[in-house]
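The chains carry the letters A, B, C and D, assigned in the order they are written, with residues numbered from 1 in each.
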Amino acid sequence: MKKFVNDVNNMLTESLSGFAKAHNDLVSLHLEPNYLTRKNKAKNKVVIVSGGGAGHEPLHAGFIGKGMLDAACPGQVFTSPTPDQMIAAAEAVHADKGVLFIVKNYAGDVMNFEMAAEMLPFENATVLTSDDCAVINSTFTDGRRGVAGTVIVEKCVGSIAETGADLQTCKALGDKINAQTASIGVALTSCTVPAAGKPTFEISETEIEMGIGIHGEPGRKRETMREADAMVNGMIDAIIADLQPKKDTEILLLVNGLGATPLMELYLIYNTAEKLLTEHGLTIARSLVGNYTTAIDMTGASITVCVLDDEIKQHWDSPVNTAGLRWGV
Amino acid sequence: MKKFVNDVNNMLTESLSGFAKAHNDLVSLHLEPNYLTRKNKAKNKVVIVSGGGAGHEPLHAGFIGKGMLDAACPGQVFTSPTPDQMIAAAEAVHADKGVLFIVKNYAGDVMNFEMAAEMLPFENATVLTSDDCAVINSTFTDGRRGVAGTVIVEKCVGSIAETGADLQTCKALGDKINAQTASIGVALTSCTVPAAGKPTFEISETEIEMGIGIHGEPGRKRETMREADAMVNGMIDAIIADLQPKKDTEILLLVNGLGATPLMELYLIYNTAEKLLTEHGLTIARSLVGNYTTAIDMTGASITVCVLDDEIKQHWDSPVNTAGLRWGV
Amino acid sequence: MSLQTDFICSAALTIQSAIISHKPEIETLDQAIGDGDHYINVLRGAEAIANMTDELASLTPDEALNKIAMKLLSTVGGAAGPLFASLFMGMAKVAKHNGANTTLDIAAAFAGGVQELIKRGKGKVGEKTMLDVLVPVAHTFIFSAIENKSTTDICADIKTAADKGLESTRDLIATRGRAAGLGERSKGHLDAGAKSCQVMINEICDLILKSNT
Amino acid sequence: MSLQTDFICSAALTIQSAIISHKPEIETLDQAIGDGDHYINVLRGAEAIANMTDELASLTPDEALNKIAMKLLSTVGGAAGPLFASLFMGMAKVAKHNGANTTLDIAAAFAGGVQELIKRGKGKVGEKTMLDVLVPVAHTFIFSAIENKSTTDICADIKTAADKGLESTRDLIATRGRAAGLGERSKGHLDAGAKSCQVMINEICDLILKSNT
């Protein structure tokens, strides 16, 4: 493992401190329990609090700021944060209209946020994101995983909260977006959890892991490495099969890097994805390409499609000012 | 080599097409010769045209837009673009006040831009960036390499051009920034040029390449892999030795990823760099952390320090609206 | 058997070193069908508890169990954090209510803990989780206690149940937790949480046997 | 010797295949002390020229050389692009002025090309670049031509000069081009550009010898 690290045990804190210093106009950092809040505390609005294991940067702390999150709770690498963090964060940012938690659907995250929600002295609700359509036949009781679609949920829910919408309205928008968003990822290499010091899985030069999770969880299938178009084709098919969008539907297309994939390749993927989706009769009305929901240092990418409507478009386009997403401000 | 690629020969075009589609609000793409221009042609200003080999994304096309570049000419991966591209790009965006080329100091880039400049029917000037202080004793006639400091030059020169400044004023600001900017990079792994299909250099698990160039050119020294703080310390020392900034000087600190380094680690580097620079009596007044000048898929990072003054701060802070840098708009 | 706080403290220390010595197996299992952090999660919890034995020493057993629960909740994270925290919360609740003065009391407390864990995780036996170890162990413990077996026999029964439970996860298809996404591909690997539970249960049994002689 | 356009066309095709067959050496050299693209740069140029032989066929030799120069300028890029383009521009200029009807004419044209290349790159012999091959070859060509040697001898002289020039780059410290950043570490490797020039010069000599017999 070759990483920029001093002591693996301090890696998270050192990185958070760097993040907070580099963005001291946007965020404040609290340690023990660890959470980050928006620099200028919002007034009289539903506050949006998210969190999850570290290693997915810029998710979530990179999305703190006007128009998106009020607070984020980083866990250890790939490990859900703990209820004390969530409670402290919610208390720090609460602005009299309740707390909306945005939680990626993993047993650990769900249970930790659940316990925080139970203990929290404020009105609260939760949007669970579960956009990963990698697992085809999802009869599994834990349901689908939340992956890069979470960014779209956080952006839009953050936007509607700024308008003064109440808790249920914010949650409803989040749930709606999640329901019409599908993602799938592919890994060319494994990630390496710093504490483990070795790759999570073995994969040869001629293999890919189709349907990879953002923690390096094995995916749908180990497949043979092939040209980009063939990989993207399989991914788009999975998304279309899942969303079954009507012709002429407007969509948002997000091509997300998993950490170690050059932008040049992400745009190449976008090029093919755009072509295929257009052939499916869809209109790419909005797009995003870059590293937004990563898996530490994995070489790989995910494709996310969100079916748009006027409400979602409005909240996607509205101003946002965070370290990781910024426009209109 | 595991990459998202169809045919290596089409990789650049496919990627450029994806980029242009994903950012069709910001840029227009012209193929053969390859160049990208700002969507809304500027009027009556010095136009800023840059370019260089592909593989450094988002540099340069990612910096096209209001407040930064008017056009960019992408060469093949790690290969300077050609004069016909530069001439066509300059002709497409020229807005009656001349053309300023921003060129990273490499023999290939210099000669190609030089030939374009000689053939161009408009008034033009060139800012050569040469911020890489990796090579200590630079008696070498070709001078230092231009690396991530180029982003700062492009941002500020782009800004001053928007104010209607004339060609010599724009060039003077670029030259000034370049003179007071120093960078140094370190590689933990090699990059792989797609057409070569294998890593540019061999490097073991216990080695690093200190002073790496953004094309994988070997650096100052092959050193032993060690903890992040020790690496950053060496880099900051090199920068301080080069810039010799006065105490209490305000600086911009840029921590730049070379392609495959997770944000988490870049922020950890920032954390240490900030501490060390503060100990040197400097004030970090502006900062930037992320992948801005990459070396394809190299694991590594560079640190850039730019000594600020009011003029540079003003132009750094001014609105910019590009795929890769966006604020104030 | 009766449960004393000083036993809880010794158990905490033993568990810490047992986890460390089983690092490779636990880590590899969560890498194979999970995300590779289970070892470090459990270790973080074990270390935190081992470091608070001074604080625990003066507490009653149920207070100590509760304090451990809260500590686990705020240090472990992941799925294991709330689950283990619930286990200890449930144990504390029953121990507070019933006392922990007999073997049956302890068995009931453990069963109460497993109950609470199940409530939190909404799981059941057969889903390839730590429940495949914890539930049979809880049953065995209760039955052996009711049958008034010797401490030695009870420990032996429990260890067998834990081993069998662990082994049973090998051929299961995961339907709960992170491995559930894998479907058929989860077959052929032991569950990491089941393994860490088996390790801890084994250690505690050995500690009981040692203090019993 | 006189220079005919059809020779230029055959040379273009020969060079293309020669470059391809020397891929490993050329590529590895630019990877060692450069950025690894020299092979693909030269190949891109060689292919472009090989593909335009139909267009070239009807031109005079100096027109053909000029057309090649412009094509190289817009296809090769990197340092090699403007340098090779200048070489052909310079050759075209001299050939247009002097004609290319004698061996000395051709040698003068080549020298003129090298002159133009030097102007563009501001380089000189001893800096570990292609000039370490091109300059001695230009000198040798001129002198051998003046001495009225046989084509066979001239070609032999040129090949020796190219080989020696290439070999001389091995122990030089680069002070020009991308490798200059390396200082001492550039020692011990041949220069990639010198290598590609030596390969091309060798091929052309062989082609001359072949068409001579």
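Keep this in mind: a contact is a pair of C-beta atoms (placed from the backbone, for glycine too) under 8 Å apart; a residue touches a chain by one contact, two chains touch by 3 or more.
Worth saying up front: this structure is predicted, and the values here are computed from it rather than measured.
Trainee: Just to be sure I understand the contacts, which chains border both chain B and chain A?
Mentor: Chains touching both chain A and chain B: none.
Trainee: Select, from all pairs of chains, the pair with the highest number of C-beta pairs in contact.
Mentor: If you count contacting C-beta pairs, the leading pair is A-B.
Trainee: Using Cα averages as centroids, what's the distance between chain A and chain D in whole Å?
Mentor: Centre-to-centre distance between chain A and chain D: 54 Å.
Trainee: Chain C to chain D: how many Å between their CA centres?
Mentor: One centre to the other, that is 75 Å.
Trainee: If you average the CA atoms of chain B and of chain D, how far apart do the two points sit, in angstrom?
Mentor: The mean C-alpha positions of chain B and chain D differ by 32 Å.
Trainee: Can you pull out the residues of chain B that are in contact with at least two other chains?
Mentor: Answer for chain B, listing residues that touch two or more other chains: 77.
Trainee: What are the residue numbers in chain C that touch two or more other chains?
Mentor: Correct list: empty.
Trainee: What kind of graph do the touching chains make: line, ring, star, complete, other?
Mentor: Chain contacts: open path, no cycle.
Trainee: Run through the chains and report each pair that touches.
Mentor: By the stated definition, chains touch in these pairs: A-B, A-C, B-D.
Trainee: Within the complex, which stretch of chain A touches chain C?
Mentor: Chain A reaches chain C through residues 33, 53, 75-85, 106-108, 111-112, 114-115, 132, 134-135, 137, 140-142, 144-145, 193, 195-196, 200-201, 213, 215-219.
Trainee: Quick check on the complex: what are the chain B residues that touch chain A?
Mentor: Touching chain A from chain B are residues 2-7, 11-12, 14-19, 21-23, 54-55, 57-58, 62, 77, 188-189, 205, 208, 225, 227-229, 231, 255, 259-272, 274, 284, 287-289, 291, 294, 296-297, 299, 301, 326-329.
Trainee: State the interface residues of chain D toward chain B in the complex, per the touch definition above.
Mentor: 27, 31-37, 39-41, 44, 73-83, 85, 120-122, 127, 174-183, 185
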